[in-house]
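Look at the two complexes coming up: subunit A is in both, with subunit B in one and subunit C in the other.
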Partner chain A sequence: MLNAVKQSWLTFKSIFTGMGVTIRHFFGPSVTLRYPEERMELPKGARARLFVNIDDCIGCNLCARACPVNCIDIETVAATKDVDLGKTSTGNPKRFWLTRFDIDMAKCMYCDLCVHPCPTNCIYMVPEYEYSEYDRSNLVYHFSNLEPEMVAEVKEKAEQEAEQKKREREEMMRKKAEEKAKKELEEKKKADEEATKNEKENGGE
Partner chain B sequence: MIEVISKETGNKEMVINMGPQHPSTHGVLRLELVLDGEIITKVRPHIGYLHRCFEKYAEQMDDYAKVIPYTDRMDYVSAINQEHGYVIALERMLELEVPERVEYIRVIMAELQRIASHLLGIGAFGLDLGAFSPFLYLFTEREKILDIFEKVTGARLLYNYFAVAGLMRDVHPEFKTDTAEFVKTFRPKIKELNDLLSYNKIFIQRTANIGVLPEKVAFNYAASGPVLRGSGVKWDLRKNDPYSIYDRFEFDIPVGTGEVGTLGDCWDRYMVRVKEMEQSLRIIEQALDGMPDEGDVMAAIPKRIRAKEGEIYVRTESPRGELGYYIVSDKSASPFRVKARAPSFVHLSLLPAISRGSLIADMVAIVGSIDIVLGEVDR
Partner chain C sequence: MAAILIHAAIPLTIILVYALVAIWGERKIAGFIQDRLGPMRVGGWHGWAQSIADLLKLIQKEDIIPTNASRFLFKFAPFMMFAASYAAFAVIPFSSAYIGSMINIGVFYLLAVTSILTLSVIMAGWASNNKWSLLGGMRSAAQMVSYEVPTIATVLTVVLVAGSLNLMTVTEMQAGNDTLGFLPNWLIFQNPFLIVAFIIFFISILAESHRVPFDLPESESELVGGYQTEYSGMRWAMFMLAEYADMLLLSLLGATLFFGGWNSPFGDFMGGPAWGFFWFMLKGLLLVFVMMWIRWTLPRYRVDQLMHICWNILIPLSFINLVLTALWEVIF
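Up next is the complex of A and B:
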């Protein structure tokens, strides 16, 4: 009997201590935000969304290679001799047209591994988190600023140049091969002549 | 629902599924329960719903460092501790020296993460047993820790912050004051938690003498962490096999005492976690004092990781227990094999042993008290 009373007393006591805590919290300051009206300020350096400053990109592909999930898709075309793409703001010369620079933010896991190897610091995270989409394909961000016609043009030019170079190289190779063949032929002739001469001399003795 | 006749007792038994979509299985765990009335006669955990091939992925990567973000995703509640184990394993493999400042920052982060993880574990445990308010109050505190993390690493949950022999970025100048401020405000909250939940009679009634795990069974099942300490065994890898710089700090290892029930019951396991948070605060305070102000945290990170042929096993104390990484290298750029010894997986295998004979309502308490994270079980 005594034990039962004691137990009930302990129960009541513990419940009311708990209630006290709850009441203190009830009158305490609010800890939540009413989201769409109030927004949390993300700290500097928060990793929420990737951004590429395409003007500074030199197309070195280091970021794409560092990504564990392969969500960066870069296609570069070598610039032809007649154009100068200029330099980045960090002073690195640009040698490639960036015909494609796509990042699939739906695949990205915000690991920050692509940010560190970039030589010009042009790929980085920005603290922006409201970018939901109804269609997942809208989450593939296209950072390349070249128009499709431009892309076709530079590709054609680059191809032409490559073709030209290839032809030149082939020409050179052919010339070389011809010269080599000529030389060999001459050498053979000489050797033959010498051989016959030797034979004659040997035979004469 | 299937009904079977028990061979032993001749009673009609019922087989039901708990989960995989059940609010108190902490993820996607399916428990196949065989019930005799309300008494559980058999439990069979079914896992694999969250399997993401972590170990196979690690072999696929062309760089050791690319595996670190994947370790985060194993136990997403204590991501920092998962990274810690992995980078320590690599550092020992490569015989790298870790700068002093890096070690201190790592310990502070790891202990903060331990508190955050225990807050979630305790809060969800209370929530499962019907205590809603503590969950909210604890989450308020957890948010503060996540804020600190976000300011330092840029992410709130999956940090990818530790690098081999370094950190991905330096801490901001206010890091010390922020953390010290948190430590100061958090201490009274532990007392509040004890008032609100730990010594609440209803809570005690639901957890004391439930799911008793005797010391011997704990050893046989290779339990570790708070589950093992709840059974009264003083075993903590931070003390017994010190890694990083844990041997420099003074802290106690709280163990279960059977204060309100039997030694090794759900309440003991719960209380060990509460007391551990206090110890973590002590470690953080000491580490904040000892942390050097100067030093480049990124200087020692190797550009390319080329390990010698060999293998290594490193175990660390994660909030859930002994987290081990077994890494085999074949001299190439990617690991030949990475095996993670996940404490949650080991503890899940304890379930059948400690829940036989208890009521179905207590199953929730038992699952909550071993504090598993399914991401780590399935990997």
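Up next is the complex of A and C:
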């Protein structure tokens, strides 16, 4: 009997304790964030989406090499002598046309490893996380700002220059080789002359 | 004829409006208790139109009847269930000026008619031809039949004190404010045994109306809805409606029996039929709120625990209580 009373007392006590907890939450504040109308402020340094300030990129490829999943795809073309690409805001001279700078955010794992090697701090994370897409290919972000014609032109120019350089180099090589051959010939002559001279002298004895 | 229609329409309107508010309210209460907001979008202020949107959605749903179900019983069960709880509203005195039917065996009629609920639940469970439904229906039968006993015993306790089976008379005799000098003359303040009676009554109506912690017949997590498993669209909505109507019915019965019905807690102040309706609904809805509050607090009992509570604790206690109340009435 006593036990039964004790048991019921415990039951009711626990029920009322529980109800006390719930009623406190009932009147307490709610934690719901009504998403499209309200947004949580992202913490500092949140990694949400990569951004490349293409004007500052020197095309050094360090970020692409640092990426563990190879989701950065960079193609550079050396600038020809007649153009000056200027300098980045950090003062580094730019020497390459960036004909392609694609980042596949579908593959990216937000490790931030590409951000730190950049010498000009032009690749970084921005707090923009609402970029879902229906097609995965839309998640490849193209940062290069060159028009296709521009790319073609630049490539052609670079090729021409490379061709010319090659030719120049070949020319130089040929010249060098010629010079070398000349020199050798002369040396040989000299040697020959010397030899005949010696012979003569020896023979004179 | 017109009088009958009006008498039929008034409780129906109350039930429908109440169901819309209560379903929305239940979700809001659940939300607040879980530190959420609940529905917020439909209709502007705190999503008040959510139930209407839900209703529109349910109307558009396909009415599926399983091939192997017993068609007539399957279709009929939800309406019978609603009819049972709706019919019981006839004897509830909504205010001093309105009661559907002034029969002098009101309480008896109410308890008899609500027993049909059990029948319709078994009907739904059996006709669905689905194991979950059948299990739910069986559990429901066992539970409701068992818990009807303590309910009736406690109602008897009140009837013993009030001396009438007519709910209007029971309410009228609770008028006035002179228990211990200041408390209203409500039956719950009349003698200590009626407090115990109220506790037992409240636990039993939780079980009768299938509310947590006694919602075994429709436990979502184990019986995937119990007897409601196969129902969809408006038929399912009828079950919901009946369930909420049942909740209101039993809460109003509790308010009538123990909390003075339509009597104002301040004596004559704020009395009169209109205020009477207000007080009555307020008391009923407070009890409904407590039921919801309990729902979002307690976990569900097991079947054996449920039966243990009923047969080993509530029934003996309620009968002892009945006898003690009778003694009290004789002595004082």
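The definition used in the following text is that the second predicted complex is superposed on the first by the 163 of 205 C-alpha atoms of A that agree within 3 Å, B and C clash if a C-alpha of one lies under 4 Å from a C-alpha of the other, contacts with A are read in each partner's own complex, and residues count from 1 in each chain.
The definition used in the following text is that contacts are C-beta pairs under 8 Å (C-beta built on N, C-alpha and C of every residue); 3 or more make two chains touch, one makes a residue touch a chain.
Everything quoted here is computed from the prediction, not taken from an experiment.
Peer 1: Determine, for the superposed arrangement built on subunit A, whether subunit B and subunit C clash or fit.
Peer 2: Aligned on subunit A, subunit C fits beside subunit B.
Peer 1: So, A:Ser137: does it touch subunit B (first), subunit C (second), both, or neither?
Peer 2: After superposition on chain A, A:Ser137 lies in contact with neither partner.
Peer 1: Quick check for you: in the superposed arrangement, does A:Val31 touch first (subunit B), second (subunit C), both or neither?
Peer 2: Both partners, subunit B and subunit C.
Peer 1: For subunit A, which side has the bigger count of touched residues, subunit B or subunit C?
Peer 2: After superposition, B is the partner touching more of subunit A.
Peer 1: Applying the touch criterion given at the start, work out whether A:Ile23 contacts subunit B, subunit C, both or neither, answering first, second, both or neither.
Peer 2: A:Ile23 contacts subunit C only, not subunit B.
Peer 1: Quick check on the superposed pair: does A:Arg47 touch subunit B, subunit C, both, or neither? Answer first, second, both or neither.
Peer 2: The answer is first: A:Arg47 touches subunit B but not subunit C.
Peer 1: Once the structures are superposed on A, label A:Asn3 by its partner contacts, choosing first (subunit B), second (subunit C), both or neither.
Peer 2: neither
Peer 1: Output check: A:Met109 vs subunit B and subunit C. Expected answer is one of first, second, both, neither. What do you get?
Peer 2: Touch partner of A:Met109: subunit B, not subunit C.
Peer 1: Just to confirm the geometry: in the superposition, how small does the C-alpha gap between subunit B and subunit C get, in angstrom?
Peer 2: 7
Peer 1: For subunit A, what residues appear in both contact lists, the one with subunit B and the one with subunit C?
Peer 2: Of subunit A, residues 15, 18, 21-22, 25, 31 contact subunit B in one complex and subunit C in the other.
Peer 1: Within their complex, state which residues of subunit B touch subunit A.
Peer 2: Of all residues in subunit B, those touching subunit A are 61, 63, 65-66, 69-70, 133, 137, 140, 143, 150-151, 153-155, 158, 160, 168-169, 172, 192, 195-197, 199-202.
Peer 1: For subunit C, which residues count as touching subunit A in their complex?
Peer 2: Residues 29, 31-37, 40, 293-294, 296-298, 313 of subunit C touch subunit A in their complex.
Peer 1: Using the touch definition up top, name the residues of subunit A that touch subunit C in the complex.
Peer 2: The contact residues of subunit A facing subunit C are 8, 15, 18-19, 21-23, 25-32, 34.
Peer 1: Residue numbers of subunit A touching subunit B in their complex, please.
Peer 2: 7, 10-11, 14-15, 17-18, 20-22, 25, 31, 42-43, 45-47, 66, 68, 109-113, 116, 125
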